[in-house]
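Structure first, then comments.
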Amino acid sequence: MTFDFKVADLSLAEAGRHQIRLAEHEMPGLMALRREFGDSQPLKGARIAGSLHMTVQTAVLIETLTALGAEVRWASCNIFSTQDEAAAAIVVGSGTADQPAGVPVFAWKNETLEEYWWTTTQILSWPGEHGPNMILDDGGDATLLVHKGVEFEAVGEVPAGPSEDDIDYSHEFSVVLDVLRGTLAEDPQKWTRIAADIKGVTEETTTGVMRLYQLAQQDKLLFPAINVNDSVTKSKFDNKYGIRHSLPDGLNRATDVLIGGKVVVVCGYGDVGKGAAEALRGQGGRVIVTEIDPICALQAAMDGYQVARLETVLAQGDIFITTTGNKDVIMAHHMAGMKHQAIVGNIGHFDNEIDIAGLAKTPGIRKVEIKPQVHEWVFPADEANGLAEHTIIMLSEGRLLNLGNATGHPSFVMSNSFANQTIAQIELFTKWNQNDLEGNREYANQVYVLPKILDEKVARLHLDAIGVELTELTKSQAEYLDVEASGPYKSDHYRY
Amino acid sequence: MTFDFKVADLSLAEAGRHQIRLAEHEMPGLMALRREFGDSQPLKGARIAGSLHMTVQTAVLIETLTALGAEVRWASCNIFSTQDEAAAAIVVGSGTADQPAGVPVFAWKNETLEEYWWTTTQILSWPGEHGPNMILDDGGDATLLVHKGVEFEAVGEVPAGPSEDDIDYSHEFSVVLDVLRGTLAEDPQKWTRIAADIKGVTEETTTGVMRLYQLAQQDKLLFPAINVNDSVTKSKFDNKYGIRHSLPDGLNRATDVLIGGKVVVVCGYGDVGKGAAEALRGQGGRVIVTEIDPICALQAAMDGYQVARLETVLAQGDIFITTTGNKDVIMAHHMAGMKHQAIVGNIGHFDNEIDIAGLAKTPGIRKVEIKPQVHEWVFPADEANGLAEHTIIMLSEGRLLNLGNATGHPSFVMSNSFANQTIAQIELFTKWNQNDLEGNREYANQVYVLPKILDEKVARLHLDAIGVELTELTKSQAEYLDVEASGPYKSDHYRY
Amino acid sequence: MTFDFKVADLSLAEAGRHQIRLAEHEMPGLMALRREFGDSQPLKGARIAGSLHMTVQTAVLIETLTALGAEVRWASCNIFSTQDEAAAAIVVGSGTADQPAGVPVFAWKNETLEEYWWTTTQILSWPGEHGPNMILDDGGDATLLVHKGVEFEAVGEVPAGPSEDDIDYSHEFSVVLDVLRGTLAEDPQKWTRIAADIKGVTEETTTGVMRLYQLAQQDKLLFPAINVNDSVTKSKFDNKYGIRHSLPDGLNRATDVLIGGKVVVVCGYGDVGKGAAEALRGQGGRVIVTEIDPICALQAAMDGYQVARLETVLAQGDIFITTTGNKDVIMAHHMAGMKHQAIVGNIGHFDNEIDIAGLAKTPGIRKVEIKPQVHEWVFPADEANGLAEHTIIMLSEGRLLNLGNATGHPSFVMSNSFANQTIAQIELFTKWNQNDLEGNREYANQVYVLPKILDEKVARLHLDAIGVELTELTKSQAEYLDVEASGPYKSDHYRY
Amino acid sequence: MTFDFKVADLSLAEAGRHQIRLAEHEMPGLMALRREFGDSQPLKGARIAGSLHMTVQTAVLIETLTALGAEVRWASCNIFSTQDEAAAAIVVGSGTADQPAGVPVFAWKNETLEEYWWTTTQILSWPGEHGPNMILDDGGDATLLVHKGVEFEAVGEVPAGPSEDDIDYSHEFSVVLDVLRGTLAEDPQKWTRIAADIKGVTEETTTGVMRLYQLAQQDKLLFPAINVNDSVTKSKFDNKYGIRHSLPDGLNRATDVLIGGKVVVVCGYGDVGKGAAEALRGQGGRVIVTEIDPICALQAAMDGYQVARLETVLAQGDIFITTTGNKDVIMAHHMAGMKHQAIVGNIGHFDNEIDIAGLAKTPGIRKVEIKPQVHEWVFPADEANGLAEHTIIMLSEGRLLNLGNATGHPSFVMSNSFANQTIAQIELFTKWNQNDLEGNREYANQVYVLPKILDEKVARLHLDAIGVELTELTKSQAEYLDVEASGPYKSDHYRY
């Protein structure tokens, strides 16, 4: 099960390097940070354990972190999302002055769950004296491993199975327990030692952030955290504009089905759902939204979409997409009632948005692989009820289809998200031991969002590349609005 | 200058009553509140001074407040925005059990500034022993009058002219000073007495809210305030969807100019600008956005709009619309450089978004009335620079064109805003003297927003009317998300 | 019943003149034709009887025709569509060298049917020796009157009522018979004499064109006709982009109802329906289309609209718009099944798209005027079936709502249509007695469309005004495409 | 250079068969024709030489033709467009009663030009006594080969190089001459013999149709032709909705570049350009259109796009797409003036829309393969003019990027086009020797379009699959419109 990209095919690495070079052009935020901080090396001394989809865009992030002085080890945060050529290129390095030596990467496309948690362990297990002192997380798996490790080391035992509380993390928690059982046997203070060194974590997603707030609320958070997800330039860009791009991309690569004229049911109308609906309508699809929040439901209606319960529209939908961040959104019995060859996919968060487990348990059902990440599930004929054999097409086995069936968000969007990550890493790493004016630690073991001025900075770094001319406030206008001419311009509760 | 709608033309009142009846159907939120609170009369004893555009929709609000037990006096908050038939109908009353007697209204279309501030004074000057005990405000003029009155009564003198600080309120501040000079001479404790009775104010707009936060920050706020503007169901609906409707409506009624194919420069890409841009694109206009905030500018670009400085696109624009909430956005020298017959209008806030004063001072300029609220300003030929005579078309003299040239936001949008207003009035009036768990006043002299669950309630009241089916969380889903199944569903910083 | 705008209120005329001046700026096609043909006076000697909505835009057309040398008499082609200020301004004249004397106009807002057919008679009844020698028609009523007059004069008798064949023209045909009975009594060769002088007719609409093709097919057409409706720059601009503008305009002025979030049923997806659907979606409406043509139905689906039968969606629709050019599209029994306060309007052609007659016959129904052209029809409660009293809102009594409730298409669109009309008038008037190469008359008593090069010319005249830069074909590119570099560029069957 | 898919990898064939099965669901028009004509076998005896992109969708077409009785040989009409798994599946056959044996296919991804024309020769060279008696063409290459073959056989000589007339066909014409030189040497009456047997050709594209009209005009067309391209259900669906889908798909698979916020220059606003612009705007791109036809240019402006000359916007564009059907649209000097890493692609017709030849001749230029069909062209630094080294990204070497970088149009769109093809094959094959009422051949050596009723039939076959409910005309409505209730519904010049 070991894997070493250090011996990776050099031609794969070369292909990845080309793509990285092209992506750099599309990631003006990260490149601007390299120019701004290349000399001052604010991440000198940082040892970052990164758990985030190992794509071409992440490669540009990794090389930005190292260009700012950091040491890095990397794993993907999803078993399907690695682009092998990007991983190979990072392992090999670019051969430039900036990236002479390459970076250890533990990630490949199509990992097993066991392999996945092994790679997550690897990025936290540094050779030599020192472990990592920073975590850069997406979904919170690295943070979870450390926290659970510390918890079990404290009691000296790993439980036999998930408890009532743990069960929510994910259905794969028993694999985590196996891993921790192994480390406890081998090195009973491993995670406690690692945790003590960590100055902070920066977290990318809604899901990971929710976990962090829960830990903080329970006073169990072991180090400060910056919630990158709720930067405007993350949540309103990655979640919305990224999905707008990568949802049809994933659908197309998976199925080549015309979206125009199709009835597409989008479950959820948060930022992800908004981007999904806009993309599908832009392709001529007829979008129907399901929602649980009356405000978002009213927004969907005002945007011209039908809003209905899933049950009402099961027989009309040609394509069903979950975007909720919730579980049990499309259940096996829903899928049994869909049209023949209805397409089902998830672009929200975990694969528990769709009840794959229930689907697999349907009596008589068969699963046929059309191509990797595209499976046809065949419901047997039900003669008692006069139903013919029919099928649904499941994308990426219910995991994120834009990563499993396509290449994830495009570079420009990720440049926004990753500029937030980079700035957050700098912020936590350089200020973790500072005190504020009242003598308190600047960053306690709580969850923070980036100050608005840094959020605006991230946006600012991306304007030139797409030809945006920004207007400047005059002095008297700034006074009239009671803001600085250089920002921040809005109150913290402003919604954009 | 006195005016009494009690003797208004009954046929005008009848026409208004028809429109009110139709509007009620489009205001399901207010009608639901009448059903919910009609029996319990939570506003019994409330004496509300209302300053808000006296339109058909406001008529439904007024009759909702009275149906919940309140006494009301009303003025418009804009000199052009009154619909006379609505005012007449309210003065006359509906003759039903709910509204037997009519409500005093001090408002008519096309007031002078002197008349305007006289009407604002009237709603605060109640006959008999008691003055008002609640303010319902839009733009903050009623609140301003009370605060300035108290301030000047404390020193026993009204200054000769606006001070450096006051100047920001508006260019019409000298009229306010005249009014207060009059009341000081007549009754030197008038405003102090009124202020002492007021339990709170609910405020509708961005501008008024900004004033309130400034007062609170300076510890000068005389009573609690609820910021209705920042309810999601207000700012994201009224500002965005309302403008989407009423901007093209105003343009069409004023000019009948085809929007399709035109270059339209929208200054500002906040909620109002977003609604404006969407409406104009939906009519085939080519929208160019100007912005000062890099985040909003990046949003505009991601939404497919060109983002440029006003100077860059002066010669291309056919129509220019300000939506900023700032001053000095389109200056006289800008207008001098526009195309012949360029159309200029404001849908943001005050008329100081457009430099009308500077325009009037342009040497040799002439102003021709095309029809009420539509004026052609004729720039003389400039032979030295080889420029021919050319004109611009100014809408509503720079004031809000959707109110001046059309009938403001449609009922359904206002039903959201006004349901917030009504709920906020109930909240402040019924809880103003309650203490919280720690013995402090529930509402201090600060600015509050409505709790999210009430915001969600407002949305919920509007779903049935447009056929929205809402999905309900299962118990286990709610636990997974760590929310109540009945809401609230989102964190306070969620942006929608 | 006589009416003479020569004594019209001069202030009305002045208001109209302002609007005409503004409209000229928006009608670059007509103004370019004045510049091109002002000197050569190609319509010198033309005596044009014009029957077309007497709006501000038509005023610019009339003055273009006179600027090119024509004498003109004008009536509206719809009883509701006249803008009185435009009519007054045309009657009074501009006082410039071009239009010193004014033009006889027989049109005012809100004519009765009897008045309407009287005005149509007037434009064909010229004082002095000569009658008209050209007809400019919209809907074909002037052409109908001449053809029916000639037909009845030939047999010396007007039938007592409409025959099986005539019934299709319109339900108002008995008024036409009355008029012709009068002229037959008074001057039994009136129409025969008039018809003999007429060199041709240019016709604006689908409906009028259909009548002309039927006459030509039956060899009954008395003079050549140019089908202006099927110029691309008419059918694809007026019908689509004009409606996109004027449909929401009419809805807004009539009802002020928010379109966002509403279910709008658009009957028909031809050019008018396409423009209607785009406009309503652009305002956040959810559009459902009904269609009889499978190709148009498939287009609607590909454009993302639900396509359903009217019966299926009666209970969902908030607004119903007919755009078909057919009759009996929305019947009384449909309206009986709609939601309370559903809005019903027609923007297709005649008022027979909606079954107003059947509606009026519904037992117990009441009609309440909300304001001019907006009526509420109250269906009585049906206790047997447990139905409460409910109402629908009918716009413009089923006639074209963009004309009845708003001001029709905007100037820029009409500039395209009217440039076609003007060029067609020149074409027929100057070539009616020419022979082609083989010695045949250039224009026989058939229906023609304008050659594509003239259609392209109309487009070309409108580009500069909206900043369009046109690319020119190189010589070798033109050869490659086998076209002239100056056009025409497409085959006759090209669909745009 | 020989190639035989009969020995193709069976697992490739199996993968293709899965995809064909899924595509069948998305091609309801073809499946309906199988049901309608499966028994009557109207193509029994037809020997069809097919030259059309060998994709999964074409596989469904091929198996529809064989299901209707035809024998078939197939080649692709583009060197890059073959999907090998589809070709393999067709060669192997499905093993069902319908397709027991497989069909000879001469096509693979990435052919050389020599290989390409060899495959085209193979589909016309049948084993045994009889050659093909029908051609199904896309782009006209099979038809070209036959016509040129006959022409040269008549004079007994193949010219040394392209003549002035031939040069227009394509820059690869010298390869054609080589092929024909070979066949002339081997069998000097080969093409004459083949042509004599051919009953007709059905042609798919604008380009091929233009060639056919030129041949017919010169009286050189050797057999009747049906212009499938100008069926509404082809030109308005494939060209517009197909491109709307496959353009962003191709861009995404090639580059993964975010379209949102980018300036995209679309050259041409015909049906292809309209679909392209809609797709890119739907993804948040800012589209600028270039046009030579004033009518299409005005349409683009009315649809809200900037219309400019290419030269004007060279420095602004991030992505440039040609859609014109013309040559020399983007020249080498244009590309030299673009932004660094500008993306250039063609989705119009031949690769001569973009001046690849000129690009390759640019002094000092280098071409770097990023991945197959994606090349970076590196312009050297120009120190004299102070220009840094910069690059452009060329997709599919200037050939159709939706085929080269993605999988072409999706199945549902192709079902429309291919239902037209199938119906046209039936029409020509079954009626080629019929006479009409006047004793003339039903189909002479001319170019025909399908009658409208068949065009409507194609649409009708696709409605059920996407849930469209069609309304039926009543008898009296049909009479009012003067059409049959069953169609056709529109005049031939109707533009949709």
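Order as written gives the chain letters A, B, C and D; numbering starts at 1 within each chain.
Please note the rule applied: contacts are C-beta pairs under 8 Å (C-beta built on N, C-alpha and C of every residue); 3 or more make two chains touch, one makes a residue touch a chain.
As the structure is a computational prediction, the values presented were derived from the model and not from experiment.
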Mutual neighbours - chains that touch chain B and chain C alike: A, D
From the options A-C, B-D or A-D, the pair that copies B-C, where over half of the contact pairs coincide: A-D
Furthest chain, CA centroid comparison against chain A: C
Geometric centre distance via CA averages, chain D-chain B, whole Å: 57
Whole-Å separation of chain centres (CA-atom averages), chain C against chain D: 41
Residues of chain C whose C-beta touches two or more other chains: 241, 260-261, 281, 284, 298, 301-302, 306, 466-467
Parts of chain D lying in touch with chain B, wherever the complex brings them together: 260-261, 281, 284-287, 298, 301-306
Chain B-touching residues of chain C, taken from the complex the two chains share: 15, 18-19, 22-23, 25-26, 56, 241, 244-245, 248-249, 252-253, 255-263, 278-279, 281-284, 316, 318, 340-341, 368, 370-371, 376, 393, 406-407, 410-413, 466-467
Contact set on chain C toward chain D in their complex: 168, 210, 214, 230, 232-233, 235-237, 241, 271, 290-302, 306-310, 312, 325-328, 416, 449, 455-457, 459-460, 462-463, 466-474, 476-477, 479-482, 487, 489-490, 492-493, 495-496
